[in-house]
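Multiple structures are listed underneath, in structure tokens.
One chain, chain A, links the two complexes that follow: it is found with chain B in the first and with chain C in the second.
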Partner chain A sequence: MKLRKLFVVCADMTRSFSALFRPGVLYALVALFLIWTVTPVVWVGIMSVQPEINYVAVPPHLRLQDVSLRWYSDMLAQADFADALKNSVIIATLTMVFCLFFGSLAAYPLSRLRLAGKRLFLFASVVMRMLPAIVLIIPMFLLIRLLGLRDTHLGLVIVYTTFLLPFSIWMLKNFFDQVPYSLEAAARMDGCSRLGALWRVLLPAVAPGVVATAVFAFIGAWNEFLFGLILSTSVATPVTVKISALVSSTFHTDTSLVAAAGMLAILPVVVLVIVLNRYIVRGLVEGVKY
Partner chain B sequence: MAFPTVSQRFQRMDEGRFGLLLMAPTIIILTVFLVGPILYAIWMSLNSMDLTISPDADFVGVQNYVQLVDDPAVQDAVPRTLYFAGLTVVFSTAMALLLALVLNESFRGRKWVRVFILLPWAVAPVVNGVLWRYMFHPQYGLINAALYALGLIKEYRVWLDNAAVSLAIASVASTWKALPFLALILLAALQSIPESLYRAAKMDGAGAWSRFRFVVLPHLRGILIFVVLLQIIVSLQAFDLIYTLTRGGPGTDTVVLNYLVYVNAFERLNLGNAAAMGILLALFIVGLSGLSLAFAVSRRR
Partner chain C sequence: MGHVKLQNVSKHFGSLRAVSDVSLDIPDNAFVTLLGPSGCGKTTTLNMIAGLEKVSAGDIFLDGERITDWAPHERGMAMVFQNYALYPHMDVYGNIAFSLKLKKTPKKQIDERVQRVAQALEVGALLHRRITQLSGGQQQRVALARAMVKEPKVFLFDEPLSNLDAALRTRMRIEIKKLHQQLRTTSIFVTHDQEEAMILSDLIAVMKEGQIVQYGQADEVYRRPNHLYVATFIGKPRMSILEGRLCVDARDGGLSFVSGDVTLNWPGNTARQLDMATAVHMGIRAEDVRLIPRGNGTGTLTGQVALLQPLGSDTFIDVARGAITVTARIEPDRHVHLTETVTVQIPRHKAHFFDAQTGERILSLDEGH
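And then the complex of A and B:
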């Protein structure tokens, strides 16, 4: 499809006329930025496959023959950690589905229909996006407890959807805005209803945008910590909360185990970033357009 | 006469009503779970709700707000927050600009470099805190190992043992995570500079520096201000990172404002005080985001 091609071309951002750096300087800078980016992850990654005694030594003596994945299997064998990972998968997936569903329903009229208070809604949603979550933590705690949703997946899904929905709407609206009216008009002429046009024409036309929005909602929910900490006690505990408990545990835990847990917690999102890179790049840029 | 089906009713509905219907679920969710809690937080901030004294709320007007001014914890947290935010803004804006300029050039492997550069963006702030805690760990931190190997330190040192260094490390970690996003939006802006401007500058014999100074920089002015404001907002909201990096320690040395709201609510159990602080912080942030919005809008025009 022509439109999709256009998206991909934009997402590449490969125009280059500036030539500000000499080649030597350029490659040195590229190397430095790469080192800066991967070092913390690589270091913790090394810790996660080496026995603690190897990196506690001064200077550390890392040995290839000691490399083992046993800390990963040990960590996954711990029921509470495996459950936390499972909780995060469930919560993030449901949040993503809700954000896409309610988000596209709301983004459609904001992009396409004459509606009173449209600008006000959009403005309010940007402001809400910036609100520090900490202000809402106690009221939210009381509200969720009142509804009997404390320490449940649904409770966290509702809270995360609330926080990620304005942003999802914003992004989807920006993507919808780029689709020419004529596409829908043609569909309407062919007897498509308004919702049918949204479902069959608009959403497929912005498929890359939908993917980007979905990834953002998923990662946003996966990475959330504060509400997970306050609203869960054991059953619904997400992986971020589990990690912080492991790190600050007063018992001595094998540090390689904690490192492996950290790596396991970022693995899903790292895979998403690598696989869906260009959609994410496009979405990041689109999400800040006003 | 046949009763109209649901879809026929949809077709006949006028645009405004149809739009409202589609937005209804969103409006309900946001009203119940966002507007409601905001209003409740405002009400809490006007009440004395100190759970260590009494479980009941007692209306006291703006007393909580007034008390904030004299609260030594707040007086300590403000300069810390400013220091942390200032460092973060400087580190992240300067590095993001440099990275964007680098990514704007053509070089071999650029496609893969861009994929890798994006990684920190996806890392949870909590895990970010863990990563940098292990980078600067007194017994097994890579920084210690590297400096020791280079002969720059005689023995491993404790890095996270004082406010200035700990907060600087926090802003390094914060910059690490924010960089991909900031660099990408700057890159998008760089890509929108018309080719003709570069050509004209080259024709006039402008070197790399003057092309940067007179072509690139003026074009980026608006978005750079946006980036700075955004980083101030992000710094004011720092919580997860601090939680796993330092837990506010040593002592209370890294308790920034946002973290203090948490401490007041869940450790000191003074809910009214925490709510008042949260509301003030929120107002400040909303003001800043209004400003950044204004800049973003003016950028478009």
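And then the complex of A and C:
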């Protein structure tokens, strides 16, 4: 497939690009990139523990004795924001579960059985992802409304799963591929059905891979904004949408409050990534092969 | 209680015929090896016996019952794999006990059986280790334990020793042999190593391209190969093959083999009449070729030593004359050197003759003996 060649060429180019530079230069470049990416987050973090007057001034005069967590508690005290956080947790978790469940059911035959059209299926599922999400807004909206799932957790979970499932299938299939078939053969000899072998032997054997896939699905669902915005109104609003509402609303003028809200919105994911760091790296390194 | 029979079993994957019309009768208590190179269909056959692959045609019987459509775990068989296939997320105890747990065996019984089997295979001390902490040899023993604990009617081995280094391989071979002597459970063993097959088996089935070429007692397959393929596959060093023509002297029944400028004559009364001079491949094993003092005699060949292979207990020399090379076994303290001219004798009753076109055996060894 031409596409495979393209990816291989890109990977090669990346590798040779890094080889062009001495290690020191490479680290400097990476450091610069990190600073570029992390600075806004750090700044928001600072804003969330300082009163506005401290950082609005030019130059900002930050005072240690002004550090306070009161904006956090204020934000959490707001029912609608706490609800939004809860919604995000529910939606992301359910999406993760769906992606793992259906993903492993799809990845199993793709990895183990001799079928026609496997390549086509995988290719198609990846290509779908390249479609700009905004193109799907109207059809999705109509579909969800038809199903009566507007502004429901389930509605959002279904929509998010449709985006994240193909990638989950890819990842899980690649992890399955690395386990020799004899493992399931042994399980079947011991008394498992094919499905039993999947559940009791294959998935546990790729547990790190499952965790990596789960984390990707969770983060993907947590960060989703566009469909969250369009498909929810009040009940099922995820935190990403709530934040944007805060920023643009005229209700709160206290920027520190908004900053705290922002930090709260990313906190669960940051914690998750720190805790499961090893598995994520494994997923990135081993999970996407062509 | 472990009589396995295959009747006209075939397996094809699309247009690829992996196994073609294989019929095999494996008696109870026998150690049978499916021997052949990679891709000959031996593992596929084993998988069909195990129930891991569905047959495309034919039937499989166990003790008279038709098990062709039975699930793997219903067949009362246990399998040992080349790469051990131990469950990485469980410890040794869990691996061995897995099948019993699935059958909902009471915990006390599980414990009893696991301990017994672990002691027998000397892995008792490793019961609570994780699989990743074990060496290759230990893993293979745990795999054996996992199979043994099921008390199966048939043991199936899929090249279990191929992943081990030479020394370990030899040791494990002995352990498997001892196991079979002790338990007398029917065992079906798949390998490409003919030495392994010879050491371990009662019966050997030599396979080629999905079919069985010869099936018989191990020493019969060695001494009386019915096909060139079997003759050259089994035996170390490889049987020497000479291409030439064979004819029978009409007057006295003597046998002549001619290849290039080499003629081997054997007197005797060959009963069979061969039509003219038949193109044959003549085969002779190194241990049957004798080094004799210079001279002519029945079935002698004079040539130059082209290769020396001293093994310590024996020495093998290649004697070359023109396009012909014959490997001979000589005593280790008999010293010859390269390019020395020697004479070897090939006894009539040890020579094998195969049709040059079909590869099948032509002359029975005891004809005209």
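We take it that the second predicted complex is superposed on the first by the 246 of 290 C-alpha atoms of A that agree within 3 Å, B and C clash if a C-alpha of one lies under 4 Å from a C-alpha of the other, contacts with A are read in each partner's own complex, and residues count from 1 in each chain.
Heads up, the rule we're going with is that contacts are C-beta pairs under 8 Å (C-beta built on N, C-alpha and C of every residue); 3 or more make two chains touch, one makes a residue touch a chain.
In this text the structure is predicted, and so the values were computed from the model without any measurement.
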Chain C versus chain B on the shared chain A, clash or fit after superposition: fit
Touched partner set for A:Leu183, first chain B, second chain C, both or neither: second
Which superposed partner A:Val58 touches (first chain B, second chain C, both, neither): first
Contacts of A:Phe33 with chain B and chain C, given as first, second, both or neither: first
Touching partner for A:Ile158 - first (chain B), second (chain C), both, neither: first
Which of chain B and chain C A:Ala207 touches, first, second, both or neither: second
Which superposed partner A:Arg114 touches (first chain B, second chain C, both, neither): both
Contact breadth on chain A, by residue count: chain C or chain B: B
Touched partner set for A:Phe225, first chain B, second chain C, both or neither: first
Chain C versus chain B - closest C-alpha approach in the superposed model, Å: 7
Footprint overlap on chain A, where chain B in one structure and chain C in the other make contact: 114, 193
Chain A to chain C touching residues, read off their complex: 114, 180, 182-183, 185-193, 201, 204-205, 207
Touching residues (chain side chain C, partner chain A) in the complex: 13, 47, 50-52, 71-73, 77-79, 81-83, 85-89, 98-99, 102-103, 146, 150, 158
Touching residues (chain side chain B, partner chain A) in the complex: 7, 10-11, 15-16, 18-20, 22-23, 25-26, 29-30, 32-34, 36-38, 40-41, 44, 98-99, 101-107, 109-110, 113-127, 129-135, 139-140, 142, 145, 148-149, 155-156, 176, 179, 181, 184-185, 187-188, 190-191, 193, 195, 198-199, 208, 211-212, 216, 226, 233, 236-237, 239-240, 243-244, 247, 258, 261-262, 265-266, 271, 274-275, 278-279, 281-282, 285-286, 288-290, 293, 296-297, 300
List of chain A residues in touch with chain B within their complex: 13-21, 23, 26-27, 29-30, 33-34, 36-41, 43-44, 47, 52, 55-56, 58-60, 102-103, 105-106, 108-110, 113-116, 121, 123, 126-140, 142-143, 158-159, 161-163, 165-166, 169, 193-195, 219, 222-223, 225-226, 230, 240, 243-244, 247-248, 255, 258-259, 262, 265-266, 269-270, 272-274, 277, 280-281, 284-285, 288, 290
